[in-house]
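Reading through the structure tokens given below for one structure.
Which chain is which? They are A, B, C and D, in the order written, and residues in each are numbered from 1.
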Amino acid sequence: MPSLNDPAPSWTTTQWFNTAKPLTLEGLRGKAVALYAFQMLCPGCVSQALPQAQRLRETFPSEALEVVGLHSVFEHHQANSPATLEAFLHEYRIDFPVGIDAPGSEGPLPRTMFDYRMRGTPTLVLIDAEGRLRRQVFGHAPDLNVGAEITRILQSAPNQPTATPADDCAAGACSIPT
Amino acid sequence: MPSLNDPAPSWTTTQWFNTAKPLTLEGLRGKAVALYAFQMLCPGCVSQALPQAQRLRETFPSEALEVVGLHSVFEHHQANSPATLEAFLHEYRIDFPVGIDAPGSEGPLPRTMFDYRMRGTPTLVLIDAEGRLRRQVFGHAPDLNVGAEITRILQSAPNQPTATPADDCAAGACSIPT
Amino acid sequence: MPSLNDPAPSWTTTQWFNTAKPLTLEGLRGKAVALYAFQMLCPGCVSQALPQAQRLRETFPSEALEVVGLHSVFEHHQANSPATLEAFLHEYRIDFPVGIDAPGSEGPLPRTMFDYRMRGTPTLVLIDAEGRLRRQVFGHAPDLNVGAEITRILQSAPNQPTATPADDCAAGACSIPT
Amino acid sequence: MPSLNDPAPSWTTTQWFNTAKPLTLEGLRGKAVALYAFQMLCPGCVSQALPQAQRLRETFPSEALEVVGLHSVFEHHQANSPATLEAFLHEYRIDFPVGIDAPGSEGPLPRTMFDYRMRGTPTLVLIDAEGRLRRQVFGHAPDLNVGAEITRILQSAPNQPTATPADDCAAGACSIPT
């Protein structure tokens, strides 16, 4: 992944849901960002990451933290059409902004996923108000850690993760085939 | 729904997964059948009904009980393409036979769902070895009840449900709009 | 454990809760019995076995099936006084009859636990209306299996367990030290 | 409860487990403290609060945060003997320090519970390194909130709770009878 505390890579997306206009990382400067890269057919994304994203939305004020979904499809591309994603978001009552990660120039990995060197889905990316990458977690990140890390970011404190890294995959996480 | 202990209506399907040839109710005579009508974008189907179907598959011998999925789409038809269903079955590791309920002649309800007068998804239908409808439950059916009912059916005992009916909807069940 | 289909050993108890008079196995002839041996300080008993016992109580009619708890203490005897058990039953709202397994003549194992050759707690014992032992499971027994087995017993069918045995321990089950 | 940001009341205890010497609030000056008032026969304490305490212990460094249990018995006093508590702590593998709240001078409420005006168990009390009360929650406090609040306290930031208060009772929480 990109180096911690460096500027987080820009996002490259093709379409957005639940927002009047596309979100860019640059346009969110001044707010912290919790970005959840997911696939709608990834069991760990559906059972753990997206519910956590919704809890974040209810826990932190939207003026301070933007919760964003990124549909980063790296397999079953045909099955994951925008129309299917739209129905999925409706049925699961996901109401935070969700962008579709742009297709990669070569290979199955979408652009943003590639630029962040993500290992699969779900991946949680935490970015501070200055646009710096503060944390990137593949798989399940426990609520205690995420609550602690976001608070640290909101307080602009230097990045000294005291909490146990939550880096291993949850059952159901989808790894990029190697 | 059709009357209990009457012959269960035939299924009308357009395509099958996880089986070399289409399954018909008539062709399964001699075995009990647990039929799960579901939609891949229905949260209660994904979190409760399909895992229960897989537990059934592991609990009862396949010579005695056939576990069958029926993709009965009554909303978001475009989003629920066969290709998407196939990817869904792969990602969720569902390996019992799943048929696609045929489109209805009028309105959004698919044929088999209409013929069984189902109220939404998930719906569990239990059918005995003579092809008679023994139980139809909309929403979540607790494991204790399902284990009891299937055993009663397997023993060809007359239908005297002593267990509490499990008829109300689970959170996340999808009702047909009225 | 005693042989399946043989007469189940009598219980030896010192005190009962939630019943006007002590229950004996002989006095329950004509009904099936689900006996849960537990300890109030055993995590797996509290999180899994006792909730299942309560679901059984709500699922099967009490005329056909008696659900009985047996407090079989094999460690921390001093901590497990009858007064503490009574408060525990009250706080956890357990309302089926619970007996206290009588102290053993030698060693820490209580009498009934010893006579059934139980391996620890929780242990589920299923007994048919003729008083025969039909099933004995140490650790967690899945609801589907238990629902199936009790139904088989209620129908006086010969004991042909088709369901997967549920014999390994749940996390939190307490084994008798060896 | 006492006023937020005021000095937290001292604890009054009679006995400690999992620590070589009694812990006092004064002796912990310089560290933040997460104090969990619980009763071993309180279902919500056992299923939610104590597991959260253990997750806290694994998430934050013990140099920065002390996790402390306080057995605050306000009912079933006889059932909650120190010997029973000791067995409980052993069986549930609770290894952080646990004190026994001292009996009150009148009425069933123990001293510390009374001095903090707690409404029942579980109650989570967060205290900063200067000994000031920063948060007091009766019932279940979600992990996201607790992680955020402790981090705020660890950073000595002024108390501006942005997170949703988690003040209502979890199912299973025990209220002081009124």
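A few comments on the model shown:
Convention: a contact is a pair of C-beta atoms (placed from the backbone, for glycine too) under 8 Å apart; a residue touches a chain by one contact, two chains touch by 3 or more.
Quick caveat: nothing in here was measured; it's all calculated off a predicted structure.
When chain centres are defined as mean Cα coordinates, D lies farthest from chain B. Distance between chain centres (mean CA atoms), chain B to chain C: 34 Å. Distance between chain A and chain C, defined via averaged C-alpha coordinates, is recorded as 48 Å. Multi-chain contact residues of chain C (touching two or more other chains): none found.
With chains as nodes and touching pairs as edges, the resulting graph is a single ring in which every chain has exactly two contacts. Chain C contributes residues 55-56, 58-61, 64, 142-152, 154-155, 157, 162-164 to its touches with chain B in the complex.
Interface residues of chain B, counted against chain A in their complex, comprise 41-43, 46-47, 75-76, 78-81, 83-84, 86-88, 90-92, 174.
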